[in-house]
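The letters A, B, C and D name the chains in turn, as written, and every chain counts its residues from 1.
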Amino acid sequence: MNYQAILDDIYGQVMGIKDRGIVASYIPELANIDIQNFGLHLKTNTGEEFSVGNYNRGFSIQSISKVLSLALASSFENNGILNRLDVEPSGHPFNQLALLEIENGIPRNPFINAGAIVIADILVSQLDNPKQDFLDYVRDITNDASINYDFKVAQSEKDTGYRNYAAANLLKSFRNLKNDVETVLDFYFHQCALHMNCEQLTKAFHMFANRGKCISDKTRLTEQKVKRINAIMLTCGFYDEAGEFAFEVGLPGKSGVGGGIVALLPDHFVISVWSPGLNKRGNSKLGMLALEQFTTKTQLSIF
Amino acid sequence: MNYQAILDDIYGQVMGIKDRGIVASYIPELANIDIQNFGLHLKTNTGEEFSVGNYNRGFSIQSISKVLSLALASSFENNGILNRLDVEPSGHPFNQLALLEIENGIPRNPFINAGAIVIADILVSQLDNPKQDFLDYVRDITNDASINYDFKVAQSEKDTGYRNYAAANLLKSFRNLKNDVETVLDFYFHQCALHMNCEQLTKAFHMFANRGKCISDKTRLTEQKVKRINAIMLTCGFYDEAGEFAFEVGLPGKSGVGGGIVALLPDHFVISVWSPGLNKRGNSKLGMLALEQFTTKTQLSIF
Amino acid sequence: MNYQAILDDIYGQVMGIKDRGIVASYIPELANIDIQNFGLHLKTNTGEEFSVGNYNRGFSIQSISKVLSLALASSFENNGILNRLDVEPSGHPFNQLALLEIENGIPRNPFINAGAIVIADILVSQLDNPKQDFLDYVRDITNDASINYDFKVAQSEKDTGYRNYAAANLLKSFRNLKNDVETVLDFYFHQCALHMNCEQLTKAFHMFANRGKCISDKTRLTEQKVKRINAIMLTCGFYDEAGEFAFEVGLPGKSGVGGGIVALLPDHFVISVWSPGLNKRGNSKLGMLALEQFTTKTQLSIF
Amino acid sequence: MNYQAILDDIYGQVMGIKDRGIVASYIPELANIDIQNFGLHLKTNTGEEFSVGNYNRGFSIQSISKVLSLALASSFENNGILNRLDVEPSGHPFNQLALLEIENGIPRNPFINAGAIVIADILVSQLDNPKQDFLDYVRDITNDASINYDFKVAQSEKDTGYRNYAAANLLKSFRNLKNDVETVLDFYFHQCALHMNCEQLTKAFHMFANRGKCISDKTRLTEQKVKRINAIMLTCGFYDEAGEFAFEVGLPGKSGVGGGIVALLPDHFVISVWSPGLNKRGNSKLGMLALEQFTTKTQLSIF
């Protein structure tokens, strides 16, 4: 398949679209990004790489980091994840506390904020130097020591992330947070503030398309755990647009409000796209479109 | 009417009841109260006073304080209350965040916690020394300088009141909190930790039965504002048991998880009761029973 | 007090208002009413009567009938009402099924549609000829044999009242409806289609202001039951505007989508108003305003 | 792969389990099924077939039929499905009306009852003789003229399916039902009352694993439509256990309260299982277990 021609074609199409959505403004530091950015990077399991646009310009990966923190937490024995979280789609926007309250502090899945905060809590308990150790993990699976947090973005979230403080305190009231609210959120805001580009994301997610082996060939997850995380990405990776993404794209994936999306076909490839304008449901508008185009043109999907 | 005989009769009845409910345990400091306590104090507008039991033993008035903070906030010009709160019954437990989230950060009424936190925010903005000024206000309307906060209870709430932190952060995320979360909750936890006895409560609430004039004869509220606060007490004063209280007792009133209840018949009397065991809905079990008995025996109600 | 002057003053005021709300259209037959109609009738317990405008033109009383059906059902021994309904405000629009489903088929109160349908079911079980017997009851308490159902309105509801069919079937699924859905709704639609004018409504509600004695001096309810129904009117009589009505008007009352409202001050008076244009919450726009004006000018309220 | 050995192994395992769940009782006619039944049938795209137990004993396929009705409705041009339904997981039990009401009569997906009733409405509009034509369609794709409705089960649902009447009336109130409630539900109850065995189900679902071609080699759906229906099965096929099924089994599938489950791996196989005892969430207890075992032992899943 001529992937480069397909990517070029998609690039031509999306660059002609005027309505690119709206850049996330609730984290003030993110509001300054140029909405014209668009990048796309594809890496096949056979080692080929293809790209267009600003594929090597970094951005805030935000919720995409939740897959990486889940992978690291899953790799610990007796991590207790399944006692503290469910794995069901929420059917509701990503920041809804109502469901958490009704369901007695058990988050619906690890990709809604409350669930990711519980995963952060597990990592804070398990790691000696949580922020440094998590960064080292991401650098290691990506084989790229240049990856870092964007400390300004982390601080911006810390100053204004009232809903996350609300969620963490609500979890605490249900005794589903072991560490201090402040400590867990400090870790969580840094995790979300990871600054990466499309190429780095593709590499980081290689293990999910490759039965747990990352690009350095080291096995970081069992096959069973990879399958389960892929399943959660498919059912819960796109807030309340998860069904739509499965329906239109048909790949496990994860989006972030920074405008990034990563998706993958097990045993075949990982694809990352970035366009900072979001649609009404908080997913990258052109990113969604590009991935729809990609699976339509290639006829590749898990279904 | 022979009020003393009626109170004695009620006292005899309730003291024979074995199932006195359960003392609130979510504020650790409150869990130590002796459940055998029972006090009742009645003051008529004509100046007569009647009492039984531990009517002059102090307890934590908790949510009863919300009526006093609402009264003080209402007394300021341009307080903006009605732009920031609704006055509808919530039909839900006192600590539910779901409704607050669905209704975009506008609390249902000033007596659910989120609403009382908004009122606390208004007072923090309006008062020079919020905690001292509010205490002075309560001492003044009660004409009793001995009233004070229970600082241990306030601290206990501060250490464990995660739901209130969640509510305040959620309000903040909707821009319905002007001051810092910490500052507002510090005030709020002290307000709820007012330590008063039945007699003092009866006196403090005298103005609501007396068209705004308090026991020192000073007018602290307009007649219109008194009527409105009485209406809110009737429709929202008892969490999700407000309808039941109106149905069974038929008086405006307010309860607290410390086991106190104050109720009043406009132009006639105020009655306060204290029994620390709560029913399932968080209202004093014997207190509710005593007030039902009182209105049944006296045939006095607003209906 | 010069009631007639007050009514005239209110009449002058409301007739000058251009935005009269919107006539209910969901029952096709109601959509044809002239929005310019406005009537008001007041009857004191001392027997005086005052009126303005179209006080003797009939209209569809709709939900106001729920108070009369509740009164009749309450008058039976062992009616079982309190096992099948709650008496709490719903805090939600009048047609919400969600709450009914969450609360396992127990309606929040007798004035939401589901609750009134349960009351209708009780009457269908208790009465020999439900529709005729209920009509006779209303004629009797009003002392007016000319009152009748508007059969066209009843039929119109029957043809289009899908939400009421949904509610009745949901009740049936929770085994909280003893009779057939069709039979109960046929009764219910007729009950709501009672055609009465302001003067007749004032007379019908006289018993609620008069400790259970209706205008013919016959006692139809015990004092205790009257007090309880008045309490339910205050807390639940105005859909999700009940708190607002208590706050602004301060009287027990009940509204209907035909544009009628009845309110009363126990031991003093009953007042009925009719203006077919509704506000957003389904209550008569000018009717609400007129009653607010009335209690402001007279300083009469239960608070 | 030695499929027969794997099936035999699973059979041995499940037959040793004592707690087989509970047979659905809400449709009286279903309550009589012997809980000891267990059948399993597998058909690969290469034409091999494997089976154990009561794989050729018929049962009521119930909600499994929703996939077949969706497939038929999808095959019509301009079917309008996507204007009248969403494709998001509901995150809630299969019979919840609350969500339907909040979301203005747009069902979350075609597999919750309300959604399947809308699909039934589309078929009633599109087909000349809806019940006969739908039955012919199922016979045709299965190449088995012996398949029929179980008329007793259909009647049983008709007599007691109050929640479905409630849902259909609620849809009607939102104008999302074009035909009569009675007509649509008559069709829907028959559709759900299809009586089929595991082998027949495997054949009927062959087209979903075979890019739209059914066993007679006729193409009944485009590849794109097949992918989309598979996606909906994965995200919405198991009520509020969809995430769990994706996580534990990792195949698109659909369950019914008759105790049947069908699942498939695109381009590889279809597998059907039947065990009438249900778990708490309404899915076949041993069926779920058998499929988990199957994908664990074969290491075959879409992830």
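Quick note on the criterion: a residue touches a chain if its C-beta (ideal position, glycine included) is under 8 Å from a C-beta of that chain, and two chains touch if they have at least 3 such contacts.
Everything quoted here is computed from the prediction, not taken from an experiment.
For the touching copies chain A and chain B, the fraction of interface residue numbers used by both exceeds half; the interface is of the same-residue type. Rounded to a multiple of 5, the Cα-based rotation taking chain C onto chain D is 180 degrees. Note: the chain lying farthest from chain C is A, by mean C-alpha position.
Centroids built from CA atoms put chain B at 47 Å from chain A. With centres defined as mean CA coordinates, chain C is found 55 Å away from chain A.
Here the CA centre of chain A is 32 Å from the CA centre of chain D. Looking at chain D, no residue sits in touch with two or more other chains.
Shown are all chain pairs that touch, namely A-B, A-D, B-C, C-D. Those residues of chain A lying in contact with chain B across their complex are 96-98, 101-102, 162-163, 165-167, 169-170, 172-173, 181. Residues 86-92, 99, 108-109, 223, 226-228, 230-232, 234-236, 240-244, 246-247, 250, 252, 266, 299, 301-303 of chain C are the ones that touch chain B when the two sit in their complex.
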